[in-house]
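Right after this note come the structures.
You will see subunit A twice below: alongside subunit B first, and alongside subunit C after that.
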Partner chain A sequence: MAMKFDVVIIGGGWAGCSAAAQLCDSGLKVAIVSEGLSLSVSGSATPYARLAELQRRGVTVLRGDRAVGALIEDGRVKSVHTRNLGDDALQADRFVLATGKFFSRGLLSDKEHIWEPVFGADVEYDPDRSKWYDPDFNKPQPFMKYGVKTSPDGFVLAGGAVVGNLLAVGEIVAEGYPQSDLGKL
Partner chain B sequence: MNNLEQCLKCNLCTLVCPMMEVNPAYPGPKKAGPDGERYRLKDPAFFDYALKYCLNCKRCEVACPSDVHIGDMIQSARIKYGSQAHIRGRNGLRDWALASTDLVGSVASPIAPVVNGVLKMKPVKAVMHGVLGVHKNRTFPAYSSRKFSSWFRKQDQSGFDKYVSYFHGCYVNYNYPELGKAFVKLMNAAGYGVHKLEKEKCCGVALMSNGFADKARSQGEVNLASMRKAVAAGEQVLTTSSTCTFTMRDEYADVLGLRNEDVRDSLMLATKWLYEKISEGEVKLKFRKDFRMKVVYHTACHMQKMGWQVYSIAMLQMIPGLELTVLDQNCCGIAGTFGFKKENYEWSQEIGGKLFSDIESSGADVVATDCETCKWQIEMSTGKTVLNPVEILAEALEY
Partner chain C sequence: MQKEYDVIIIGGGITGAATLRDCALRGLSSLLIERGDICDGASGRNHGLLHSGARYAVTDREGAEECIRENRILRRIASNCVEPTDGLFISLPEDGLDYQANFIAKCREAGIDAQAIDPAEALRMEPAINPAIIGAVKVPDAAVDPFRLVDAHILDAQRHGAEILKFTAVASLVKEDGRVVGVKTSKGDVLRAKEVVLAAGIWTADIAAAAGVRIGMMPSKGALVIYGHRVANMVINRCRKPANADILVPGDVVSVLGTTSDKVPMDACDDMHATPAEVDLLMREGEKLVPSLARTRIIRAYAGVRPLVVADPAGDGRNVSRGIVLLDHEERDGVPGLITITGGKLTTARLMAEMATDLICRKLGSTAVCETANRPLPGSEGRKPGFKDPFNKRAAIGRHGTEIGKMDFEKGGEILCECENVTRAEIEYAVKNFGVRNISDLRRHTRIGMGTCQGSFCIRKVARVLAEYVEASADELVYEYRQERWKGMTPVLWGDTLREAEYMHKVDGNEI
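Then we have the complex of A and B:
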């Protein structure tokens, strides 16, 4: 069982909402999974207003829902499962990963590893944990630069291979890796 | 589940709490939930009776980025630490009457025309306002002189290959059998016969919020036992009310401590079931070509919590000739029996204000929502007709 869309965006923060706005303007059937909210400089109420506007424009907004896993076959994402919809997967031709970094659960970590929980994307980070942070609190912290790896075109890498229909946008992309151009979708 | 340690103190719950916006006496979800729980665990004397202002809308839980069970924590604290008599307060009789949907419905139904007439009379409303504490502007949903269950008994549902079970709920049974009839028509059109559950009691949501948790628990046991029988017979248990569904799927386990995991996945709203059957190609519905309706969809709070509005919306979008706009999710303010109480009326209307103005400026003919108490509130406050998506689907059928 599945719900079908042209594009499914995971993450309803600044990057995800901007992507959704751009894509629904070009006439695509878009769904956005928005778990919690991003605490951005613009204030917490702003993403709510943006989601409401997207909904009025016909975007399917799954508010308070969480992507819990994805089916990837032959280098392409087939579907994404969410907590609320259970067995009813979200199917689409293309997917956008816009879940941000640690606070918004775009990246999870334990004492040795950092990983991206939805697609199992490759994450750029130092295997030596002591290098993750600078003991000087006021210095830029290396872990803030960590994120998913992308191909020169901005597609997400998983297991070293390009996932051909999964673009990454916003904070989740590791520093030094190219950001996606939504025009490529 | 008491996961207060997960709270990051980000205050997103505070931002989305509808009660907090209008009532400064309510400490808000963060303070009433995880913060207060920390104190209550040390000493139950820290229990604050202002927790009675919680609408149990669960918007805090939808907003929480850390999955803290804020609403459950508040509901559980009310049951565990609050004196139930104190929560009922001076208006014990009123709260008992509002919570006892089954009993009051059974008494009122046979004499429905009298009850409906009397409840509309100004002097009666004045007495109810002054003595009982039910706000005079509220109109009780009219009682139906023929219960859904009596109507259903006369229906021939034999001869189908496949069946579903129907949990109709109090509102369909005592007040609004039309919705139940629409459900039966829709299921029959989909090729399924309808069975009633062996025994059905009120889901208990009104009992829980009015301080009758034990009664809610015993009614829950009856419902779960009947559902188990239906599931054992290979039938899904379908509903037409988002709040009944949410209560039986989630609140039974999380707040009342009932074990429902064996039937939970078989219990769902009719729109979700239909959407899935249609997507699988197992069911085909034919809609009238001449059907025209301009609809705005209001996502009820408990519907949003389940995340199932997508199914009702997708079902409505299948009807050719139906023009649909999805409204921003705002609480309508009634919160079940809360808004009927005199002392809560002003807050109730203030909370719903945003939704009412959205509806009024939409120019829609009909508001669609899956919750019956939202229906009463929106009909009273905007004058628009409010229909359950199941009714709209049944009306649009070519059948």
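Then we have the complex of A and C:
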């Protein structure tokens, strides 16, 4: 049976937890899905403590779960499926994508493609794999700039169109694209 | 009077190391000079395959016979470096079975025990292979650790009085009255010897040319991919005319797929790396051998250069030998004091050394006979790890055999590299016995950072320990190692490898 929230946040790293804190303080009913693969907060203890604090403040925390897909209709996300809860698990008015980059599986890749697996968001990257890296380890690496494309308002683009209730924050957003302003929620 | 060696050998790959050992065992005063660390060239950039000779049986009978003889010898004298996995030559539907019949006959003519196996039986022996096979042949291929093999040769040579000078390049050969009498190092020292042996792989041609001796060599690049797990028990070959990506070799805990064969310019040899296009080709073909490779994480890709000798220096590369080439430059070019030993294979290096040392002995008037086929190498005197050995010692015994007695586990028993179980004691042993500048050197002698995590988790700990012994800071050591690993990761930078790259950059990248 589906659970309904005002906002569902996908990703329990720095960006997702910050968003959750801000939104629950403004009185919204919030859920956060955290697989526990964040690199944005050092170690395991600190992110776990942050999630515990959010739980005390009324946020529903789905620990060790991963968003695996979404139902999108008429340019809006209706629900998100998770590995542990199955289809249509989480319904909400708004969704926040905060899944980070490659390590946390916010972005997946094979030899030719890079994609965002939950919403099928448009990803900014070079189609030529030999351009994904700089041969010097210490130089800025192109792959660290890749991420999802967003509209000027910070809404996620999928198939070139704005997904009207899906915002993106943190490292999942490609460099040069706007981060969402959560205040607008 | 300056010291004069009987022999100076240039090149610290398997050919040079085996020649140094042979010379030392025959009582010649010998020095090996190497510009980097051992195995910097082709000896450290290959499959780690101890050939049975089967691959050459159809096209090169002599090479096949050499391989099977040396295969048997190395299993005996280098038991600690060889894993007797056996090998399969599998036929896929598109290969047909015509090649197989001739292949088995030619193997047997060369003395290689090749047995046709029913496909169902082959799949029971090796469930990883492509289930579409229509035929299989079992041969005595094996896996060999080239780093360990070279180290063992160097150690044995040193214990019989030989000297080794690493991290020192040869600037030129020194000639007096038309005779080569020694070498001048890049540091300006002149070292004298009665005979100088060129065993520098593809770099042999340049060193010889500077002394007016022309050796036609053709660099042939071979790219390989390392998968992060051992997916097969045996060496898996394709039973067809040798082609790209048709051998998968298990190497300790990983699997190595290769190779390609492409002519490259000489000036590319100093910076060998695999390209994304080569990786794509290798994967496409390799998945036909072992389908699960498509779902196995790739750790890194690398490339080496085969030192092929062109018989006619003016030729266009058609007349190229992959066999052993021993050149007596006194006879060939009127330049006494200089010998070249090249071509050949990792498997036949001991034989190459024997041939070169026989020639040296003739020149020096020595009647000493070769003993290298009968004496076990250091570490290979029969000590194998068992469950009675303490956990932190087992991996080191597997790598170093009897040499374990020279490591101080009382003080240095703490495991630093978790994947390969390398302790401080083993690091100290490597620093003391082999000379180490950085973590990449240490890796060759201990397998540190070669496991599935590629040093992601341990490298800072290792760097702090190594910094106590070498003239480099822990940060410098980490950077050098990361850059070296990065070179191998970039051609395979997608999927889990890309995930690992982000982790590495956030932990160790200076830009983040």
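Following the convention adopted for this analysis, the second predicted complex is superposed on the first by the 177 of 185 C-alpha atoms of A that agree within 3 Å, B and C clash if a C-alpha of one lies under 4 Å from a C-alpha of the other, contacts with A are read in each partner's own complex, and residues count from 1 in each chain.
The criterion applied here is as follows: a contact is a pair of C-beta atoms (placed from the backbone, for glycine too) under 8 Å apart; a residue touches a chain by one contact, two chains touch by 3 or more.
Owing to the predicted nature of the structure, the values given are computational and were not obtained by experimental measurement.
K.L.:
Here subunit A is shared; do subunit B and subunit C fit on it together or clash?
P.N.:
fit
K.L.:
In the superposed arrangement, which partner chain does A:Ala52 touch: subunit B (first), subunit C (second), both, or neither?
P.N.:
first
K.L.:
Of the two partner chains, subunit B (first) and subunit C (second), which one does A:Pro135 touch, if any: first, second, both, or neither?
P.N.:
second
K.L.:
Classify the contacts of A:Arg105 with the two partner chains as first (subunit B alone), second (subunit C alone), both, or neither.
P.N.:
The answer is both, since A:Arg105 touches subunit B and subunit C.
K.L.:
Going by the contact rule set out at the top, does A:Met3 touch subunit B (first), subunit C (second), both, or neither?
P.N.:
Only subunit B; A:Met3 stays clear of subunit C.
K.L.:
After the superposition, what is the least C-alpha distance between subunit B and subunit C in whole angstrom?
P.N.:
5
K.L.:
Once the complexes are superposed, what residues of subunit A are shared between the subunit B interface and the subunit C interface?
P.N.:
Of subunit A, residues 39, 103, 105 contact subunit B in one complex and subunit C in the other.
K.L.:
If we count contacts the way the header does, which residues on subunit B are in touch with subunit A in the complex?
P.N.:
Residues in contact with subunit A: 10-12, 15-16, 61-66, 265, 276, 279-280, 304-308, 310, 313-314, 325-326, 328-329.
K.L.:
How about subunit A: which of its residues touch subunit C in the complex?
P.N.:
39, 101-103, 105, 108-111, 129-130, 132-133, 135-141, 143-144
K.L.:
Would you tell me which residues of subunit A are touching subunit B in their complex?
P.N.:
1-3, 35-37, 39, 44-45, 48, 52, 55-56, 60, 62-65, 82-86, 88, 103-105
K.L.:
Could you pull out which subunit C residues touch subunit A in their complex?
P.N.:
For this pair, the touching residues of subunit C are 275-276, 280, 283, 479, 482-483, 486-487, 490, 493-495, 498-503, 505-506, 508-512.
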